[in-house]
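Encoded as structure tokens, here's the structure I'll be asking about.
Letters A, B, C, D and E name the chains as they come in the text, with residue numbers starting at 1 for each one.
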Amino acid sequence: MTTEPLLSVRDLDVLFDTARGRVPAVRGVSFELAAGEVFGLVGESGSGKSTVLSAIMRLLPGVAVANASQMNFQGSDLMSMSAGQLRGIRGTGIGLIPQRPMTSLSPVTPLRKQLRWFLGDMPQSEIVDLLDQVGLRAVAERLDGYPFEFSGGQLQRLLIMLAALARRPSLLLADEPTTTLDATVQAQVLRLILDLRDRLGLGVVFVSHDLGVIAQVCDRVGVMYAGRLVEAAPIGELFDNPRHPYTQALLRALPSRYKRGERIKVIEGTAAGANRLPGCAFAPRCPRAEAMCREQEPETRSVGGALVRCHFPEDAAGANKPKEAAA
Amino acid sequence: MTIAIEAEGLTKHFSLKQGKGSGPWFRARGMRTVHAVDDVGFKVASGETLAIIGESGCGKSTVARLLLGLTEPTAGSITISGERRVQLVAQNPWSALNRRKTIGHALNQPLLIHRPDLDKDGREARVQELLDLTGLPSDFLLRYPADVSGGELQRVTIARALAAQPRVLVLDEPTASLDVSVKASLVNLLCDLRDDLGLTYLLITHEIDVARLLADQVLVMYLGHVVESGDADQVFDNPVHPYTRSLLDSVPVPDPRRRKELLPLAGEVPSAVDPPSGCRFRTRCPHVLPKCAETRPTARESGEGHLTACHLTAWSPS
Amino acid sequence: MLRRAAAMAVVLLIVLTLVFFLMRMAPGSPAYLIVGADASPAEIASVERELGLDKPLMVQYATELGRILTGDLGESIFTGDTVSHELMLRLPITLELTMVSLLFWIPLALIAGRVAAARRDTPLDATVRIIGNLSIAVPSFWLGALLVLLFGLYLPGVLPSSGWVGLAEDPMGHLRSLVLPAFVLGLGTFGVTANTLRVSMIESVRTDYVRFGHAMGLPERRINRSLAFRNSLLPTTAVVGQLVGVMLSGSVLIENLFNLPGMGRLLVDSIRRQDYPLAVGATLSLAVFFLLANLIVDILYAALNPRVRQKFAGT
Amino acid sequence: MTTITSTRVRVGPRRRLVVKGRHVKGMTVIGVALVSCYLLLAIFGPMFTVDPLQRTGDPLAGPSAAHWFGTDHLGRDLFSRVAAGARVSVLVAVISVGIGLVFALPLGVCAGYFAGRWPDELIMRVFEAIQTVPLFVFAMVVLGITGVSSFHLGPIEVSAAGKIILLIAIAATPYFARVARAATLAEIQEDYISALRLLGVSRRRVIMDELMVNVLPPVIVQSCLWMAVAVFAEGALGFLGVGVQPPTPTLGGVIADATRYMMAGAWWYCVMPGLVLLVATVGFGLLGDGANDLLDRGER
Amino acid sequence: AGADDTGGSSSSGSSGTLSVGLFEVPVGFAPLYSNSQNVRWVTEPATDTLLTHDASGKLVPHLAAALPVAGPGGVSYTIRLRKGVRFHNGDDLTAEHVAASFNFIPGSRGKSQFLSLLAPWFNKAVAVDPLTVRLELRMPYGILPDQLARIPISHKDFIAEKAKLVATGPFQVGKVVTGQSMQLTRFDGYWGPKPKLSSIVMTSVPDPSTRLVNLREGKIHIATGVQPVDIAGIKRDESLKLHEIQGTGGIRAMLNMTRKPFNNPDFRRALAFAMDREGVREAVFHGEAEIAQGPLGPNVVGYDAAYRPYPAKADLTRAKELLEKSGVSKSTTFKIMVSTSGAARDIAQVFAENWGRLGIKVTLDVADPANWNRRWLIRDYDMSLTVQEYGLVGGSMPLSQFTVYRASSRQNPGYRNGGFDRDFGRLFATADEAERAQLAGKLNKILAEEAIELPPVYPKLLVAQRAEVSGLDEKALLLGRLNLRGVSISSR
């Protein structure tokens, strides 16, 4: 390693203490992110994507127990930071784009006042300038309004301006920032995020369960399953040559890869309860699982440009190229 | 080819009572009209699937509710051939099932009404059949909706709809809340059911991929108006209306090698309370003409069975 | 606004009708009290005639309605004074009592609720919750009686245990005479308000805007005050609005217990004497009082909630 | 004691009730224990104690082995009077809440079903009027006027206790109905209602079989909380002298009597019945909270 | 009482404000409308009567210049008025005002119980000249001079005003807070000895405990209606003083003899024997009352302490015999109609307990005042029970005790006895004290023996005051009056 990564997470574990016992939500997740890179996190609902982001922000709820052997941001350990230090980092070092723009600002305070909280005594002209940069010039006059008077797309852009632009963080965490938006508006927002990345050299962790979005914006992708990061690879490699059986199945199940009238190849079974299994979490649904998979946790190994958590990454590789499936 | 559903000039305006929020006190006098659906017409042949696509608030669900008779149209007519057997599969399966009743109860309920000939055993057998048809295990019958995943629950609502032996299923965003893998299996299920039972679907969705897989015919809506309609292949492969083009362009393709230059539409969808005059898309249209503000474009044929409502239809952008 | 006024009028009409017919359902009439214990039926009839009680019920109702619509509440059968004058003497007392009680308890409840939410699951929080729950549950008339006992018998002279001292006569004594009744009257308000605030502040931790505030590195104080507290004020205000009715209800008990000459006492007294006009006036004015209080709370709510404010302004 | 009992605040887009801290369970257990104690006292107390109407001791004797709670001003055993009073309270509360439910449920559901249309307007306006007159004002007007003894409503004789029960029921009805209406309103927005209608299930059946199971839980919670209010109200009316009349002992009546003897130093006379009343109001309040947590399950 | 009192100068008299706590300050306080003792008490300091009692209890002229002179046959009286007396509004007292006050008596409505007792004898009053009034009666009324010491004289223009009072007393009505308090300020134009107090505030404190607390706190100086249970505590308290007055009130317990089985004398007497008088005395009055044997109590002419037809404790065997004899079914049930007053309810509960031992089930029937009056008048009750303070009709003459049992009384619970009516007439006609005593005793015996009226005990009037208050007139209290004219407060 020559240059230090912007963010490095190693062996992140998050447990939730619930009425029904401890739920391991994130298990042994490790990844790194360089400046100017967009790292996508995909996975099905409940696979732990949001939890990873919260852990990085140190914003987990009180019932969560988080552990990591390392969680460095720009060389400093996030896990050992005091509340005051964290506050210093949040917003200025790490920005977060929330998933639901409509509810992420206080509904009872005019926008102007809320901008003041976040931006301190930034001169008005600068604010207008910032708004301009996210295509919200028109909104500058309506700042005395309340959040509910604005559309989702406008608010999301406003939040991006606050989180990514105004205070120049070097890392941006985006948790499904476009799922509540319409396709045409989603395109606007995605484009804005990429623009900012290009202009400011931000590192971005981009969470989504929409592989289409991921494919459009990410440089590298991590695939999560039941709290595990089962595969992490550069975007092209992941789509061309998925190595983990889950990734393969996931890509195979994309409707866009099929024509009318074709049956989609689906993954049998469900992910429910998989995070408590002793061996490989995907084993019960894996077509080529062996006894060993059910007993022993696979280690993360490096195969080609990818990091895969599978006992048989080579076997799986190439055996099920999506193109063949589509053929 | 028999026509299963025919809608003509469907219009639905809601008069909006403002501020129904806090108690009876805050009720404004000003009645405002939401132009939810304006002059929508289509035909669906028996056994075929019509997909209505468009962004949120464009009136898709309202068309569905009109079709189902859950709301009365302000104007227009709906003809559904034969016995009126239309059932609904809605977006949110948790809401579609009573959370305090078992799944077994949900499946038995329609049988009690539609199959009075069946006794208890007969009903049990039929329920089992429905479970098999939708690929659900039989231990579901005693479970409550909260204990079942979304995809499975969506199957339950389909099974329940099938219990009434419908000819037509209205699918209002049936896959919107589901994960990729679950979505895929549901799309498969819908395909199978259509093939096996000869159902007619009216599929409402904003997921172009799903529409592409299921639809024979497509109807593109924008702010209560139909902007384009026609054969699925034609519309998807050869969109004419500027809105349809933008919409199809904005859908991210899950293929990193086909990254599109994202050239999104400017601006926001205007409010249905006070829609723009003339062509409703004109406020965001990259090719807007003066005349767009004045008259509403009529639908014109731009291919066989392919209708587009745009003043620019003749003009073919590169 | 107009609609609201109309709705209020309808409600008042219903109340008036209800009270009127209830009153007339009563056995006997105020005539029996007026004429005294040794009256002949003829005397009673003559008094009833004088009071207009001999006419058919509907005629009485219509006359009464007509009179009240013109703003004339009539005259008290017993004092001969106008009802509005009698009410004006009493209303300020109940009003002041309620206000003082609210002004004492609500800030206290807001502080307690906020602190409890901030120190969630600490002994302090537990204390607030226990006190809050007890304050809701404790029967006010019983607590009031115990306080009268305590301050009357065991701590004489510390606080006046009953009675009313006019503001003009003795400002300090006036305040002192308000302490116990205001304390008891608003006690439940404290618990309900503090609980509501606490619960809603704790809930607000999970809201998107608080999360975003944290993510943006806002200081804890700002998040607590401008986000959590400010938003939690909404449900709290709504609850306080309902509490006004409860307090009016309580004033019937408290004023009788602490011997305060307010509306509660007037109501009880006038009903005991079957002083119809006065009782109707008292009930109506309590209802109006209640509606106005709710209106004020709604306006306050609207002031706090921009969504409602917009609609409010639009009406 | 107040009539506003619900401190639940609904926040967020999904209707989810506030999840309270971990103490909930302990509090609920305490609530159940308190209510059980109270019910035991009310049900079995009068069976095992001396006649509450007989003078069995000296007037105003303090608590002793013979008289656990002391005696009242006539020398009657206070414990047996309190037990008998608790029984009256419970009966009044249970019956009045029951009657309130019987009235409120159909009306509230109807109002919710026809929300915004005239049945709703009519029902809610009347309820608003009832709520506009605070409970004790209302009670004073009615009881003060029709008298504290029984009276005839047409051919039916309504006893004094019956009147109080009716009054509390009437006062409770708007609250129950509002909860029922709100729940109905929320429920009919859910898709399952239209789905069932589409399936051809009759409206009646949808309401009775499907809607009701979802409307009932919040109403039950509310009625639990109203048990506390009803017990309190019965006591307060007794205290004002318009409650169930002597010789029947009631908690409020005993407290009202006790206030006359406080200056004589008979603290137990006032304290004991009040504590029993407090046990009931705290207990039912906590029970309501507990019911709230419990019945909320089933929502996603 | 002479006008030439020693402390007559106003400088020494300005010693502050006396506060009196009453059950209620009546909303209407015209004294002639008074139904209650309270009205009389709040108006006493503001009104004068024609005659008054001196320290030894003898009648002396007050507004009158001399004792009244009886005309022939005792059916008219002529009264000379004192000169130089002024009303609070500055008008001179003339015979017209006095006549107007008396002529108010036969008026059809608004009569007090007291006036209704007088009405049968009274015809009219005539102003003979500005300072001479002649009262004309329908029949001889030997106790008229006594009554003249009770009837307050008001200004003729204000007699019918319920909430205004213009009279000639040493205090005039000041600020009135309806139902709450009433202030009386010293009237500087008073003709007689100037009072020592500068003002009096009558406050309504309905709850007796609260009243006592207020007394202890010093918020009020005089508390009326003290409860027997508090006596011991007051006596222990150095700073308080208690007045216990016998014979100013009574317990009115009537059986409705128009109904069965109360028309059966044996049944009534069974009830009388089964009555636990001592129980009532101990439980309800905490020992502070005398066992009663008939309507006539101590301190009233004709009272005989030795007369004891009934036992103090319930005699159940005798009662059962009588019940047997009466032939009335043992499973009889009836209701005792009581007012909302605490004592009446308590007494009724003690009755119920004992009569329950006979097998008769008795329940309470609580009626609020308005209803109570109505039901009493139309005899809609089985048994009625009230605790009365006689107020203006108190004193040594049994003014109200026997009245209702005359056949002509509208309140009569169904008792008819010609002999009784005759003796009743003579009792009030005679001016002979001894004859009165004899007749009163006789009437009392009739009512007691036939068990027509069954009071269990004779309660006392209990008034407590702070020790720093001096000069409260106990003699006046005996007459049911609260004379505050000589009262002063010593500053401590």
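The working rule: a contact is a pair of C-beta atoms (placed from the backbone, for glycine too) under 8 Å apart; a residue touches a chain by one contact, two chains touch by 3 or more.
Remember, it's a predicted structure, so these values are computed and weren't measured experimentally.
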Shortest walk length in steps over touching chains, subunit A through to subunit E
2
In terms of C-beta pairs in contact, which of C-E and D-E ranks higher?
C-E
Whole-Å gap between the CA centroids of subunit B and subunit D
49
Approximately how many whole Å separate the CA-defined centres of subunit A and subunit C?
54
With centres defined as the mean C-alpha position, give me the subunit C-subunit D separation in Å.
20
Multi-partner residues of subunit B (each touching 2 or more other chains):
24
Shared interface positions of subunit D, touching two or more other chains:
128, 144, 147, 259, 262-263, 265
Residues within subunit E bordering two or more other chains
207, 209, 212-213, 368, 371
Parts of subunit B lying in touch with subunit A, wherever the complex brings them together
55-56, 149-152, 179-185, 187-188, 191, 206-210, 212-215, 232, 246-247, 249-257, 259-260, 262-266, 268-269, 284
What residues on subunit C touch subunit D, complex-wise?
7, 10-12, 14-15, 18-19, 22-23, 25-27, 120-121, 125-126, 129, 133-134, 136-143, 145-146, 148-149, 152-153, 188-189, 191-192, 195-196, 199-200, 202-204, 206-207, 235, 239, 242-243, 245-246, 248-250, 252-253, 256, 264, 267-268, 271-272, 274, 279, 283, 286-287, 290-291
Subunit A partner contacts - residues on subunit C that touch it in the complex:
205-209, 211-220, 222, 226-227, 230-231, 234, 304-307
What residues on subunit A touch subunit B, complex-wise?
44-45, 135, 151, 153-154, 182-188, 190-191, 194, 209-216, 218, 235-236, 239, 249-251, 253-267, 270, 272
Of all residues in subunit D, those that touch subunit E in their complex:
53-55, 59-60, 73-75, 144, 147-149, 241, 245-247, 257, 259-265
